[in-house]
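The same chain A turns up in both complexes below, where it pairs with chain B and then with chain C.
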Partner chain A sequence: MYKWRKLKDRIFFAVILILSIIAITPVIHLIVVTLANGLSVIIRAGPSFFTSIPPAPTSKDVGGIAPSLVGSLMLTALALPITIVIALFSSIMVNEFPRNPLSIAVDVVAKSLASIPTIAVSMVVYLLVVVPMGTFSTLAGVVALTIVSLPYAYTYFSTYLRSIPETYREAAYSIAMSRWKTVTRVFLPIIRRGVLVTVLMTMARILGETAALLFTVGRYRIGVSTSILGPTDALPLLIFDYILTPYRNFQEIAWGAAALLLIAYLIIFIATKLAVRGVKL
Partner chain B sequence: MYAVEMENVNVYIGNRHILKNISLKIPYNSVYVIMGPSGSGKTTILRVINRLIDVNRDARVEGTVKVLGFDALKKDPYELRRYIGMVFQTPNPFPHMTIYDNVAIAAKINGVAKNRKDLDAVVRWALEKAMLWDEVKDRLYDYPHQLSGGQKQRLCLARALAMKPKLLLLDEPTANIDPVNARKLEEAIVSLKDEITVIMVTHYPHQAARVADYVTIVYDGRIVEQGPANQIFLRPTTELAQKLLRGEI
Partner chain C sequence: MKASRKDMLFFLTLTPFSISLLAILVIAILILISRSFEAFNAFGLSLFTSSIWDPEHSRYGLLAPIVGSITTSILATVTALVFSVPLAILLAEYVHDLVRDILSSIVELMSGVPTIIYAMWASMYLAPILKTYVMDPLSIYLSFIPIFSCKPITAFTIFTAGISIGISITPYVTAMIFESYESIPTTYREACLGIGATRYETVKVLLSLAKPAVIASIILGFARALGETTIAVTTIGNSMYLGSCIFSPGYTVSALIASQFGNAYLYRYAESVLYSSALVVLVVAIILSFIGLSLMSRWRRRVVV
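Then we have the complex of A and B:
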C-alpha cells in the first residue's frame, strides 16, 4: 500500500516536471537567442552603443541607440508616476465607496479601457494631442502610455485592496482610526508588496509598449532629444522599425536594443521576486 | 444615567430582521453580559453600540441608542469610537505591525501618550492588564503571526485598553484561551470596572456567573430575559434562560 502510494507520488512528480520543462522551453529559447544575438552587438559596439545615434543604413559603423534609450527613459519616468498615482487613488476610492456613482463609472471605464487595442489609443491621442500641437512629442507618448497602462495598474491595485480581510477595517475603526488613516496606516502597509509589484509590472509594461507610441512620439533618431514638447523615440519602436529593414547593421541595432530591453525585464522580474517581504496575515 | 441605553432598536440587514425591539440599560462601571445561542444577534448588539454596523452597507438601524450620553446614531461614528474599545470574536491584530506597535497605535491615534516614555508606559500597562506582558516582554518586536490564538486575543484586548476607553465591548474574549488564563482575564475585566463599563458576550454560564453584574439573554434577535446577575442565575423565569444557563443550548 505504502509503496504504491510512493510510486504514484513519483509518477506524479515526473509528469509535472516534464510539463514544466515543455512550458518554459520556448521562454528560455527566446531569452538565449535574444541575448546571444544582442549581446554580441553591444559588446562589439562598446559603450558607444549607449551614447551614439543609429548608423546610416549602409555604413560600416555599428552606431548606437542613444535617442531611443533616452526617449524610453523619459517616457517611463513621466508616465509611470502619473499612472501609479491615478491608479492608486482611483482604486482606493472605488474600494472605499463602491456604491458611489463616480466609483462605478471609474470601474466601468477602467475595465473597458483595458480591452481597447493600444493602437487605437495611439490614434486617438494622435487626433487629440499630436494634431493640435502640430508635432509628435514626448507628451503625446506619455498620454498614450498612461491611458494604456492605467487600467492595468488599476486592476492590480483593486485586486490587492479587495484581498484585505474586512476584519482589519473593523479593527482599525474600533480604535477610532479615520477612513483615511485606515487606508494609509493599515491597508497600504498590508499590501505593500502588492503595491511594489504593481509598480514594477507597470514599469515593465510601459517600457515594452510599442503600438501606443506608433503615432505619438515621432521616431526622432537623428539626435538625443530631452524635450517634452518635441518628438522623441523609444526602444520598442526602434526594434520594430529596424528589424523589418533589409539592412544588416539596422538589424544588429535592433537585436542589441532587444537584448537591453530583455535585460531590463529580467531585472524587473527578479526585483518583483525579491520585493519587500509580504505581510503574513 | 446609563453608559448605554437602547430603546426599541431594530436592525435590518438587507430585508432580514436581525434585532427585534431591543431595549436595554447598562449602568456605568458594571460588567454587563450578553448570552444567547449562536446567531441570536449578540455581536450585532455590540456593533450597533460602536456603529461598526455601518461598515455593512446593507444594514439599517432604527430606534434610539444612547452611548455615554451621546445620541449614537446621530454622532460622527469616528468620534464616538474614541470612547469605545472592542475585542472581536476572532482575533484581528494588525498583521503588519509588531506586538508593540499593535498596542501603541491605539494610544497614538487617540492621543493617550504624549512622548515615547508615556507610550512605553501605556503599552506596558495595557499588556499587563491583558495578562500578556510576561509572555511577550522579551519579544515586543515580533509580529502577531508568531503568537498563539489566545495570545493574539489578549493582544487585541491590550490594543483596546491602550486607547483608554470608557466602554469596552468584548465579543467572546476567552474563546481561544485556556481556563487558567481565562480566569486571569476575568479578574482583569472585573478590576477594570472602576474606570470602564464592560459589555461582554460569552457562551459560558460559569464565566458569566463569575463576572457579571447584569445579564441579558438574547434569542432570535429578541431579549428574552434581563436583569441583575443574581436574579437571572438564581431565578431564571423563562425556560429558554434555564436551558441556556444549564448549558443545554
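Then we have the complex of A and C:
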C-alpha cells in the first residue's frame, strides 16, 4: 500500500516536471529565435538599420526602421509620464480615502479598464481624436497608450501602497504629520523602489502595445516624423504589418525590429529585477 | 479620523486625476453604444444570428466571429490551464531558493513579453509545428470526431490561434494560481503532513481548497483571451467560417475588427457593425473579469483569514 502511494507520488512529480518544462519551452525558443533572426538582420544592415526608412517591397537592400523607432520613442516619452501621474494620484486617493464613493468608483473602473480589449480602445480613440483632427497622429497614439496602460500602472501602485503596514501611518499621525505629509514624506519614500518598478513595467507595456495603435498613429514610414499632430509609426505596428506580408525583406525588417523590441524589454526586465533586489520592509 | 480642511484640500487636488480615469471608461462605453445603434437598428438580432460579411451589399452577421472568439478562448484557457497548474505547483512545492527565483523570474519574464513578439513567433514557428505534428495527424486518425473532421489546408486555423493565445496567457494564469496556492494557511499543510500524507496527497488536498481560486483564474484568463487581438489576427487565418471543425481558418471578433476596420469607412453600416461587435466583447470581458475578481476575493476572505 505504502509502495503504491510512493509510486503515485513519483509519477505525479514526473508529470508536473514534464508539463512545466513544456510550459517554459516556448518563451526560451521565442527569445532565441527572435534574437538569432533579428540580430543577423541588424548586423547585415549595419548602422543604417537605425537611420534609414523601410525598403520597397521587392528591393534588394534591407533598409531600416528609423520612422518606427523614433515614433515608438516619442510615443513612450509622452504617454509614460501622463500615465504615471494619473495612476499615482488616483491610487493615492483610493488608498487615503477608501470609503469615498469616488474612490470606490475609481477602483472599480480601473479594474474594468484592465479587462477591455485594447482594440476597442483604438476604435474609441479613432472616433474621439483621429476623426475630429482629420488625420492620424502621435497625439491619438499617446491617448490610446495612456488608456491602455493606466489600469496597469494603477494596479501596481495600489498594490505597493496597500502593502505599507498601518503602523507607519499611526506613527506619522502621532507626531502630528498631516495626511499630505504622511503620503509624501513617509509612504512614497517607503515604496520608492515600487514606484521605479511600476514606471519600468509600464514603459515595457507601452513599448510593446500593438492593437491600441492600429487605428490611431497612422503608418507614416516614408520619413522620420517628429510632429505631435501628424501621423507617425511604432515598432510593434511595423512588425504587425510586415509579418503578414509575403515579401522576404519586409519579414527581415520585422525580425530586426522584433529583436530590438525584445532587447529593450529584456533590459527593462533586468532593471526591474535589480530595483526590487534588497527591498525589505 | 475626522476630515480636516487640509485633508479636504488634499482630496480635491486628487480628484481631477481620478475623474479623468473614470471618464475614460464612461466615454468609451457611451461612444460604442451610440455608434452601434445604426447597426442594431438596421439588422436587429440577425446581426448576431447570421454569419455574413458582405460590404458590397451591406449585409452583415457576426455569428462566425463570435463563435470563433468563444472557441479560441476556450482552447486558450484549456491550454493555459494544462501548463499553469503544474507550473504553479512546481513553483510552490518542489523548488526552493535559487531554482525557485529563476523559475519565477522566467514566468514573470514570459508575462511581459510584448504580444506582437508572441504573434510573430507563433505564426512563423508554432503554426507549422502544430500543423505537421498535431493537426495533420489528428485530422487523419480522429476525423470521426466533428471538431477534428476537416483537413487543415494552411497552418493558420482556429486551433493554432487558441494554442498561441493559450501560451501567451499561461504566465498570467500561473501567477494567479501560484499566489492563491501560496496564500493557503500553513496549518492545512501541517495537518496533511501530520497524518503522513505524501506530497502528492498534500497537493491534492491543498488544490481542492484552492479550487474556487483556480476557477476564478480560469474566468479571468478567458476574459483576457477574449480581448487578445494581435496573436489572433496573425494566427487564425481570417476567414468567415462557421462550423464545428477547429482545423479551418476563422475569425475572432478582435481579429475581424483589426483586419476590417481600416476600410470600413468605405461601406455603409460596416463601421457601425464593427463598433457593435467591439461593444459586445467589451461588455462580456468586463462582466467576466468582475465575476472572476469577486470570486477570487470571496475565496480569499473565506480561506485565507
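In this text, the second predicted complex is superposed on the first by the 254 of 281 C-alpha atoms of A that agree within 3 Å, B and C clash if a C-alpha of one lies under 4 Å from a C-alpha of the other, contacts with A are read in each partner's own complex, and residues count from 1 in each chain.
Simple rule for what comes next: contacts are C-beta pairs under 8 Å (C-beta built on N, C-alpha and C of every residue); 3 or more make two chains touch, one makes a residue touch a chain.
Only a predicted model underlies this, so the values are computations on that prediction, with no experimental measurement involved.
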item: Which superposed partner A:Ile263 touches (first chain B, second chain C, both, neither); value: neither
item: Most chain A residues touched (candidates chain B, chain C); value: C
item: Which superposed partner A:Ala176 touches (first chain B, second chain C, both, neither); value: first
item: Touching partner for A:Glu166 - first (chain B), second (chain C), both, neither; value: first
item: Partner chain in contact with A:Ala110 - chain B first, chain C second, else both or neither; value: second
item: First (chain B), second (chain C), both or neither touched by A:Arg99; value: first
item: Partner chain(s) touched by A:Ala271 [first = chain B, second = chain C, both, neither]; value: neither
item: First (chain B), second (chain C), both or neither touched by A:Ile53; value: neither
item: Partner chain(s) touched by A:Leu39 [first = chain B, second = chain C, both, neither]; value: neither
item: Partner chain(s) touched by A:Arg192 [first = chain B, second = chain C, both, neither]; value: first
item: Footprint overlap on chain A, where chain B in one structure and chain C in the other make contact; value: 173, 178-179
item: Footprint of chain A on chain C - complex, ascending; value: 1, 4, 6-7, 10-11, 14-15, 17-22, 24-25, 27-28, 31-32, 35, 82-84, 86-87, 89-90, 94, 103, 105-110, 112-121, 123-126, 167, 170, 174, 198-201, 203, 220, 223-224, 226-230, 234, 254, 257-258, 261-262, 274-275, 278-279, 281-282, 285-286, 288-290, 293
item: Residues of chain A touching chain C in the complex; value: 5-6, 8-9, 12-13, 15-17, 19-20, 22-24, 26-30, 33-34, 85-87, 89-90, 92-94, 96-97, 100, 102-103, 105-106, 109-121, 123-124, 126-128, 147, 150, 154, 173, 178-180, 201, 204-205, 207-211, 214-215, 236, 239-240, 243-244, 254-255, 258, 261-262, 265-266, 269, 273
item: Residue numbers on chain A that touch chain B, as the complex places them; value: 98-99, 165-179, 181, 185-186, 189-190, 192, 279-281
item: Parts of chain B lying in touch with chain A, wherever the complex brings them together; value: 50, 52, 55, 57, 77-79, 81-82, 84-86, 88, 90, 92-97, 105-106, 109-110, 143, 145, 156, 159-160, 163
